[in-house]
Structures are given as structure tokens and as C-alpha cells.
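Both complexes below contain chain A, partnered by chain B and then by chain C.
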Partner chain A sequence: MATLLDQINAVTALNVRSIPQRGWMSAASVIAVALTITVLLFFLALANGLRATVEGSGSEDVAIVIREGSNAELNSVVTRDQLAILATGPNVAQRNEAPLISGELLVIVDGVKRSTGTNANMPFRGIGQEGLALRRGVTITRGRMFNPGTNEIVVGAGLLREFSGFEFGQTIRIRGSDWQVVGVFEAPGTVFESELWADIAVTQSLFNRPNVFQTMRVQLTSAAAMEAFTRWAASDARLEGLEILSERAYYARQASQSTQGFMAIAWILGIMMAIGALAGALNTMYSSVQARSAEIATLRIIGFSGWAAFFGTMVEALALSALGGVLGVAIAFLAFNGRTTSTLGSGFTQLVFKFDLSPGLVITAIVVAIIIGLFGGLFPGIRAARQKPQLELAAA
Partner chain B sequence: MTDLIRLTDVEKSYTRGKEKIAIFDKLTMRIEQGDFVAIMGPSGSGKTTLLNLLGGTDRPDKGSIEFDGKNIEKLSEGKLTAWRSANVGFIFQFYNLMPILTAAQNVELPLLLTRLSPKQRRENVATALKIVGLEDRAKHRPRELSGGQQQRVAIARAIVSDPKLLLADEPTGDLDRTTADEILSTLQTLNRELGKTIIMVTHDAEAAKFAKRTLHLDKGRFDERELAA
Partner chain C sequence: MNDLTLMSKNLWRKPVRTILLIVSITIAFLILTLMLSFNHALNNVNTLPTRMVTLSKINFTESLPIAHYDRIARTEGVAVATHMNWFGGYYQEMPRGFLPVFAIDPETYFQVYAEDLQIPAAQRDAFFNERTAMLAAAPVAERFGWRVGQRVPLRSNIFTNATTGADTWEFTLVGTIPTPAGSSQTGSVLIHYDYYNETVTFGRDRIGWVPFLTTSAQVNDRVANAIDQRFANSQDETSTQDEATFNKSFAAQLGNIGLVITLVVGAAFVAILLIVGTTMALAVRERTKEVGVMKTLGFSSDRVLRMVLGESLLLSFLGAAFGVAAGAGLLSVLAAGGGGGPQISFAPIVTLWAALIAMALGLVTGLPPALQAYRMRIVDAFARR
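What follows is the complex of A and B.
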């Protein structure tokens, strides 16, 4: 006897080659799987892109100081006195004998979205002199940094892509004051790319928030210094009510709600659609077995085993769903991978990020497609295997 | 002559709902090696059921079926399947070819169950197609062939692994007289020259004349005088 594998090969080849005879139905089930995979990937890539953006933004040796319990910068307050105390903490990095710190104020301004032409919120950040140095990976790609004490702003490249009216060299009017765009900065894959930056003192005065800071950035000498710095701050009564955490932890916390939301949508929608696609696959495979019943009976009479009939059906189902999976991934790549999108992050600021189809997500998607194929082929395969090898049944 | 097949006290019944329909009750018969038997009988008399029992595609409720001195009725499902592929060739009324395979590929199917090399398989397929006179149609697909030609391909498929027994259920039921006679003489040649034992079910008295003998089946019983002969 030849091996079972040879039998399975022969029967599978027969099945797969006869798929075109059930063309429309097979195509429909391929498309159902493809759509499921595309939708699943859409939301997973969204979550992934958001997480990558946010985590990429954070350094481990930069401490963020924020008022305890404030989920967003906007409802945080750090006083000028607290700022001064924190500047004297242990392991605070120095430059030119001054601490590398930046007290910051975030205000929300309106901008016109390019895609819709409507107004949307944009974050406008006043930063200290060391604000740029305190952000890893940020480079001025056009023009220069604003000069302290002036109405100059620099604009993030991401924001520039999404909003109109902030082009390099423009003078823009915000809340009754004129600002000049003197530079464009890039901070690839980080939240900062979606912001406008100006001098903290000018921002405080022109937005009428004298001496108010919301957050503070402190450059520590190393990531390992974070713990000592935090412990020191906790022991000082004047700093009570402030929370200190690494920039990375801070951004991860901010994004977790959104990413979890996207993941939940991805899986709820994905599973619902997968059930639909499974129903389609079952239907297709049952009719395939039905259409091939005389063929299967003939093969069984000739001496092919029930296993060969089972696997032939199984492999046909898997081939169709894998094809659907690959198609779904291809659609995802063409339709949205790498595209930028934006979302209202916590604090109602516009966060620009990319759909990110990682290899892991592609594998997840293919696995989902294969699971649909496995279940879609299982029961019809059992029916095929159980078909009796009898002449009457073989009568076409 | 030696017996190829011996049926002893074979019983077979089907249950339809609550009703039990007996098809065979203590059927005993023997078929010699090299025989060519035509089986005739009214619809529902049990002809196909008998072929299924003889070919190992169904099992008796009671009694024994010996083939070449070995009992087949108690073989496991897998062993019976393997036995079938080695010992029996089947010919159907509607040919039952795989539409997407060429004539040669259809004929090759039973050989995929053997350990023959691709080269040996090709040779055997060519021989089988030559025997049925279709060597020039090897690359044609079933829909490019006439009914008679398709049945010849099916006969080639049935003989390609050189089984001792050929079972044919109304092999000419779907063919016109001339074509039917051609097919029947092919079967006759296989019987006379290659020594194949053939059991053929037919409704057609003309077809039965090609066989060495004819048995009439009615309500699961053969004509005793014919059986004894």
C-alpha cells in the first residue's frame, strides 16, 4: 500500500483543482474571510500604532512631575515653588551649572483639519529653555528653535500634515496675539510631532496664566536614578500631592485606555465577523462535499480511505480560508498600513500616529483565518469521510 | 475449475424506519475463476446489493463470503478497503470519471494506492488504455469523449491494477446498441484473453448474451436450476 500521505495528496489535488467548478461560492467564502481579516487588522493596527507611538515617545531617564490623580496634563498644577525645589533634587542632570528641567504649560487652541476643513483641538505647549533637550529624538528639520522671550513658535511635522495654516514662515493669530512659525520639528513616531511649541514665559503671559505650570520635566543622570529621585521627592512635605514617574510610564498609562479600547473593538468585531465567515465556509464546504459525493464514493470504492476524503475536504477549506487571510492582509497593507490617523487622546489633544501592521499582527490574522478554515473543514470533512463506498451512491 | 467466490448462507436486510426489509435470506452461491456471469432481475431484486457484498463495499448481516479461499466479511474497514483496491475492479453505469482529470490520470487513480514508481504507473496506464483501444485519447478529459469512450476509460481504470474480479453494474445502461455491443465485446475479450472473472448486472437480454451464463434474481432468490448448472 502507498502511504496515507500519497492518498491524501491525490485527493487533495482533485479537490483543489475542482474549486473553479464551485467558483462563485468559493470566491464568496474567500472574500468573507478576507473582510474579517481586514477589519480585525484595521483595529489591531490602530492599537499597535498608537502603542508604538506612545511608547516610543518616552524616555526612562526623564521624570515627569504631575499632580497626583490628574489623568491629563490639563488638570494638573505644579507651582513655581515646587518647580524650584524639584530642581535641587538628587541626580538631576546639569548643563552650564543649571539644572536640566522644563516647567511646562499646555493650552488647547483651534486649528483647521486638512482632511475635513473643520476645526479641531490642537495642543499648544509652552516649554522651558531646556524643553528641546529634554525630548529625545526631536530635531528641528526646518528653520530654527524659537528664541526665548519672543512670540515665536515651532510646529511639529505631524501637526503640519494634519492641520493647515501653520506652514513655515507664516504669522498666525491665536487668541489675539500674533505668532511667527520659525521652525518645524520632527519627532518620528512620538506624541510631540502633533504639538506646537513656544516659550513658557510668553505662553503664560499671552494665555493669561501667570506663573502656572502643569507639568515639569526633569532630566536625570540615568534611568537608574529615577528611584532615588522619586523617593527623595516623596519625603519632602512641600512636594506632597505630586506624582513622579518616568516619561515612558507616563505615556504608556495615557495610551493604555485607547489601545485597550481598539483591541476590544478589534476582537469583538473580529470574532463576530469570523463567525459569519465560518458559517460561509461551512456552507461552501458542505456543498463541496455534496457536489463531490459521487466522486468521493467512487474514490472510496476504488480503495481510497476515509481519511483521504476527510483531509481532501479539510485542505480545500484551509486553502480557501488561507487565501482569504492573505487577501485580507494584502488589503490591509494597501488600504491603511503606514497611513497616519489621529485621535483625541486623553486631555483632548490631537495625537497623530500611524497604522502599524507588525509581523506579529499579520501572523495573528493568518492564524485567525486558519482557525476559520479548520472549523469550516472539520464537519464537512467528517461527512465526506463517512460517505459509504457503495455503487448505488456512486450513481451520479 | 476452482471457485473464486463462495457465498455461504448470506443474509442481508435493511431497516427503513421500523420496517425490516430482507434482501437476501441464506443465499449460497459460488462463482468460478474465469467465469463471466450476467445477473438479470427486476428493479429492487437485490442486484446492486449483491455486487456491493461481492466487492466488499458492504457487509452481510450473517453468513460468509470467501474470495480466493479467504474470508472477507470480517475484515476491518481499512483491510477491506485495501483488499478492494487489490482484487476488484468496478465499472459503473455512469462511468464515474473525475471530470478534471485526463483519461490517463483517471486510469492512474487506483495505482496511486500502490507502491509503483511513476514510470511503472505510466507504463501500466498506457497498457490499460491500449487494451481498451484508447491509447490516442490519453490526454483527453471526460467531457471531450463520447459515452462509449468514457466507459472504455472506466474499464481501463478497473483493470489497471490487474484485479481478478470485475464488477459491472449496468455498464451499458446509458449507451446505444452499437456502442453497448463494443463495450460488451471488450469485456468478453478481458474475460477470454486475460482471464478476468466478470460479474455484470444488466437489464438488457442482448447484453447478457455476451456472458458465459446468466442468472436471474427475483426478490433476493436466484433460479435454483440456473445456480446448480
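What follows is the complex of A and C.
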């Protein structure tokens, strides 16, 4: 056994050291694998960043109430009466003897995308007085919160980075009234950072949607209280047609809707490019086997086994593809990891997020590269192992 | 034996290598075909330079009062105007049954979008005359198996029908609209605004947007200004733009798709260029001795150059042809399979791009080894091992 290992080591060293002789071809197959990995990671990191942002927005102990079957907030309706009933539910957290709830209305307004100068859909959310308290991790970093009952807006820092039209201090004219941007808030890694917030009552009246709420948020005393609260609501006929779930579950659902497309694109393109790169790797390895046919034959004649020839080729293929994989990951880190971008989210409004290369994605990428290497080494390796020594030497 | 036979014999002397090269070239052209067709479907919707659209200044999802329509239609320079409203429609279940259903004013709509609404006069009249009539893009009707004359219940995820108290409306399919690539009616379902407006519980007398034709593209800016001025400082301010501008900004909402496509296609081709280039160089180097023999036999250097270049062009065009064919096939399979996504059809312009790129790929990968063969002296060719 030791002798086989020695043989494999010897042949592998021979193979790897002779890579520079086929320098251009080897480099080509390394780069082909690297580009495949970069393209795959581009879409996976995009989907991952989008998912992380949407999923990271929800709390376990905040209930969100929407109309059953409404795919997006935009199509949901919750009446003022239902709002009042829900406020009396069990385990609703209180502050200053008032329930911590927020009836909300989302309208879409135009902003201007900085990179293209074109109009884009911005979520403009009317929130109740407790709307800010219901969202942990939100801090006003500039100016102040809007005053209830006034035409004042606070804007998310993420939105400001990607879109113009809502800068701090600016006055905006919507439906014949002036709105003033009085504050900027940060809520790192959440969808809230892509939103504009204003007082719910003012939003309803100025957007001509008197008494219309689309969603309601309810702060419960604990995450464990969610079940009792939903059970209580289900037993009340006046709340029929409403769906109640935790904010976390709500955003998890939105996340899977938004990322499905990008995941599909990632793998369709990734697999196609991997096949192309595999063809390149196979060519390189067949050439490698052919270039060394005389050496392999000599080794076989002096007693090296076919396995040694096989593993030598296999290790060379794996080394090249792993190198390609590492290079691909490096390009991904330098080119786009952590970059901010935006797309149309499931709520039909722009969502600002960052490309996120998680350790899991890096491992996925390396695994894909190694799979390319395995297939790229397999068939040429078999050919190397099966060579007829006498024939090869005679030909040489 | 002519040169072409010799070239293909050379190409197939190592069949495995050649097949592998063709596979990788095919993949690159397949990616090119899919990406370009997608981009084309997104950006090349039929537009008319005289077709404009008036929307709410706040955002296109905000509605406008129906009174705006008459005022826009009477604006000087407007030839004919129509109006549309988003119904939030779906068939049976979301998201699979999602449909872009528009509540429209039939007769004016057929004037504004005349070129994309070439349907039999009998179907058109049936649609005009029956308030509950519906027209659907042919692929939509096919996807759900609707027959002309059939009653189809459509649901809305926004509105409620006052007559039934439910979110369902029944329509009669009276005709289908053929939608060749680029048609502005791709995927749409058209219903009567009047029928919708009389039965809806809220949002009555509001419309989504107003598409119209101007008398000439020269007056576009003047008309847009006149309309937007007319409603300035009102409750419902407007933004009027030409159709192409609106489509462009709508597509840009998804992200910088053009850049992403360029980078992905670029990455695929850089990889393939390197693989094919280095392999071609190797193939010619292996044949050094043969080049010497050919030159000894009296083949001119020009002819040797042409043959190596011809071989790489042949390889490149073979791969391109397979790739484009595979892409076109895949797109037609996807289109037939339905699904909720946008219909993407093969864009013929891809063929032109593929031919140009195949030419460039063949030349770039073939030229270095071809020049080497061209310059090679017979003595050196035989001296080298």
C-alpha cells in the first residue's frame, strides 16, 4: 500500500511540476473555472443579500395583520374597526396605558435612481404613533422623528444612498401639499431602510384614502404570546378574512418570493458555464496526458501501477480547478461583495440591499470548482491508466 | 481534395478535442442567445414616436380621476386618447394564474394601439358590442385552455364586485390577439372599463393612465407640457412622457440589466476565447512537421495561413450554430411550457450578433497559430520536435 502511495506521490509531483510546460492551456482552464465561479457567486450573493435583508427585518414578538390572500401589502385592507378590536387582544404590550400598535398604509411615490436618472418606485409608509417603537434597531441619525399630524417625512438611509429626491431638509410637493424631510433613520440590514415614513392620518388624508389601513402591527408581550393572540383573533367573527402572523414569518415568506428568480438564474447560468469550463478542463487534461505519454509509459514499464498514473492526472485536474475556484472567489470578493444595489422587491417597490458572500456560498463555490476538477480529471485519468506502455514508447 | 476537405479532416483528427471545443463554444453562444433574447424582450416592445402616456406625477400606481381623460383628449396636438386601469387580475390562483388584466375603453384603445391589434373584424365588433366581453393575448388563452365563446371567471386581488360581493367577475372570451415578438399586447387581457367601473365597490371613476397619439412627434414636448401644466397644483398632478421613455424607466427598476448581461456574456466569452485559443495554438504546434511537409510540397504560405484560419472559423461557426439553435429551441420549449413569467421569444437579431461574434472568435483564436504557420520555415519545421 505504501508503495502505491509513494508511486502516486511521485507521479503527482511529476504532473504538477510539469504544469508550466502547458502554461497557457492550464491558465486558460483555471480562468474558465474562475469566471464560472464568479458568475455563479454574483447571482447567489445577490439572492443571499436580498434574502438576508428581507428576513432580517422581522421580529418574533410583533404580529402583522394583513388581508388573507393579499400577496403584497399594496392589496391588503384592514378596517379601522378591526384595528380597534385587535388592540384589545390578549398579551398586547402597553406603553403609558395605551396598546403598542400601529395601523399602516403603504403608497408608492416616485424617486429618482441615482445611477440611471430614471424614476423608481419608493415605498411611502404612513405609520401610527407607535410605529417607531415597534421597530427595534431603528435609530434617527439626523434631524428628528416626524411630528404627528404634520406633513413631515423621515427617510431611510439606504434609500438615500441609491435614490435622490428625498434629501434631508428638502421640501417635496405631493398632491398639492408640501412635505418636509425632517429626519434620516438607519435600520441596518432591514427593508425599513429603503422606506419613507410619515404620520398615518396625514398620509390617509393627503393621498385621498380616508380611513384606509392595509396592515397593522401589534407588539406582543413576548414571542410565546403569538399563538394565543392568533387563536383569539381566529375565534372572533369580526376579524374574519384577516391573516395574522409574526413579522419574522411574514418577511421570511416575502424573502423566498423575491429570491426564487435570482437563485434560478444563478444555477442555470452557473451550470451552463460549468459545462463550458469542464470542456476546457478535459481538453487541458487530455493534452497533459498526451504530452506525457512517453513518461507514463516509462513509469509503467519500471513497475508503476495504472492507479498512480490515474491519480497523478486526477490531482493535477483538481489542483487546476481548485485554483480556479479560489481565484473566482477572490474576484467575487473584490468586485462585488458588500456593494449596495437595489431591485424591485415583492412589494413592487425598490429594496436596497448589499451583495452578501456568506461562508456557505464560498464553500458552495469551491465544491462546484472541485466537481469540475473531478470530472475534468476522471476520463483523462482513465486514459492515462489504460495506456499500453509498449505501444506508446514505440510511437515515440 | 480541396482545401475545405483538408480543413475538416484536420479539425476531426482528434474528435474528442474538437467535440469538447464545440461544446464550450456552444455553451457561450447559448448564453448569448438567452441573454440577448431576454434583453430584447424587455427593451424592444413596439413603440411609436407619437405615442405618449400621461400618468400620475406621484407614481404610475396612483390613479387619476376620469375627468382628466376628457381634458387630455381635447388638448391641442392630441390625435386620439384612451385610458387604462390595472385590474389586479388572476385566474384561479396566485401566483400561477397572475394576468395583466386591463380595464380599457375599447374603441379608442383600438385606435391608439392599432398596429398590435390586427384581429378579425367579427371578433373586434363582438368585443366592442358586448360589455362583458374580453380579449386575451393568444398565448394566454392557450396556456389556460380558453376557447373563444367561453365564459371565464377572473379574480381581482384589489377590487370587489358590488353585484356579487366577491372578488370575481365573469367575462366572455370573444377573441384572441396574436402577439408576435415585440407586441405591446404581449400577455395582456382586455376588459371593458365601463363594465368594471359600474360594478366595482371602490375606486369608481378613477383610471390608471392615459395613452394617446399626438398628431406628430414634433409636438410631443409641447403637448406634454400643456397637459402637465393643465393639472399642475391640482390634487392629481400628472407626468406625461413618450412611451419609449416610460418603458425604459420601468425596465430600469429591475436593476442595471444591460450591464449584468454584458458582464455575464463577457465572462462566458473570455473563458471560451482562452480555451479555444490555447487549444488551437497547441493543435497547430503539434502539426509543425506537417506544415513543413505541406510547404515542401509547394503549398504557399498564404494557403497554409488560410487553412489554419479556416479551421478555427469552421470550429467557431459550428459552435455558434449549435448554440443559437439550442437557445432558440430552449426558448420555444419554455414558451410552450407556460409559467407565470414574461414570454421571451427568440430575437432574430441574435443571429446577426452571433455571426459577428463567431467571426471575431474564429479570427482571434486562429490568427496567432495561423501566423506562426505562415512564418514557419521548412528547415525549422523539420528541426523541431
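Just so we're on the same page, the second predicted complex is superposed on the first by the 388 of 396 C-alpha atoms of A that agree within 3 Å, B and C clash if a C-alpha of one lies under 4 Å from a C-alpha of the other, contacts with A are read in each partner's own complex, and residues count from 1 in each chain.
Heads up, the rule we're going with is that a contact is a pair of C-beta atoms (placed from the backbone, for glycine too) under 8 Å apart; a residue touches a chain by one contact, two chains touch by 3 or more.
No experiment lies behind these values; they were computed from the predicted model shown.
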{"item": "Partner chain in contact with A:305 - chain B first, chain C second, else both or neither", "value": "first"}
{"item": "Chain touching more of chain A, residue-wise (chain B, chain C)", "value": "C"}
{"item": "Partner chain(s) touched by A:294 [first = chain B, second = chain C, both, neither]", "value": "first"}
{"item": "Contacts of A:17 with chain B and chain C, given as first, second, both or neither", "value": "first"}
{"item": "First, second, both or neither for A:235, with chain B first and chain C second", "value": "neither"}
{"item": "First, second, both or neither for A:171, with chain B first and chain C second", "value": "neither"}
{"item": "Touched partner set for A:32, first chain B, second chain C, both or neither", "value": "second"}
{"item": "Touching partner for A:282 - first (chain B), second (chain C), both, neither", "value": "second"}
{"item": "Residues of chain A at both interfaces, chain B in one complex, chain C in the other", "value": "none"}
{"item": "Complex contacts: residues of chain B adjacent to chain A", "value": "48, 51-52, 55, 57-58, 77-78, 81-82, 84-86, 90, 92-94, 96, 98-101, 109-110, 112-115, 157, 169"}
{"item": "Interface residues, chain A side, partner chain B - complex", "value": "1-2, 6-7, 10, 14, 17-18, 21, 294-295, 298-306, 388-392, 394-396"}
{"item": "Chain A to chain C touching residues, read off their complex", "value": "24-25, 27-29, 31-32, 35-36, 38-39, 42, 69-71, 74-75, 107-110, 113, 115-116, 118-122, 174-176, 207-208, 257, 269, 272-273, 275-277, 279-280, 282-283, 286-287, 341-344, 348, 350"}
{"item": "Complex interface listing, chain C residues touching chain A", "value": "16-17, 20-21, 23-24, 27-28, 30-31, 57-59, 61-62, 88, 94-95, 157-158, 233-237, 239, 248-249, 252-256, 260, 263-264, 267-268, 270-272, 274-275, 277-279, 281-282"}
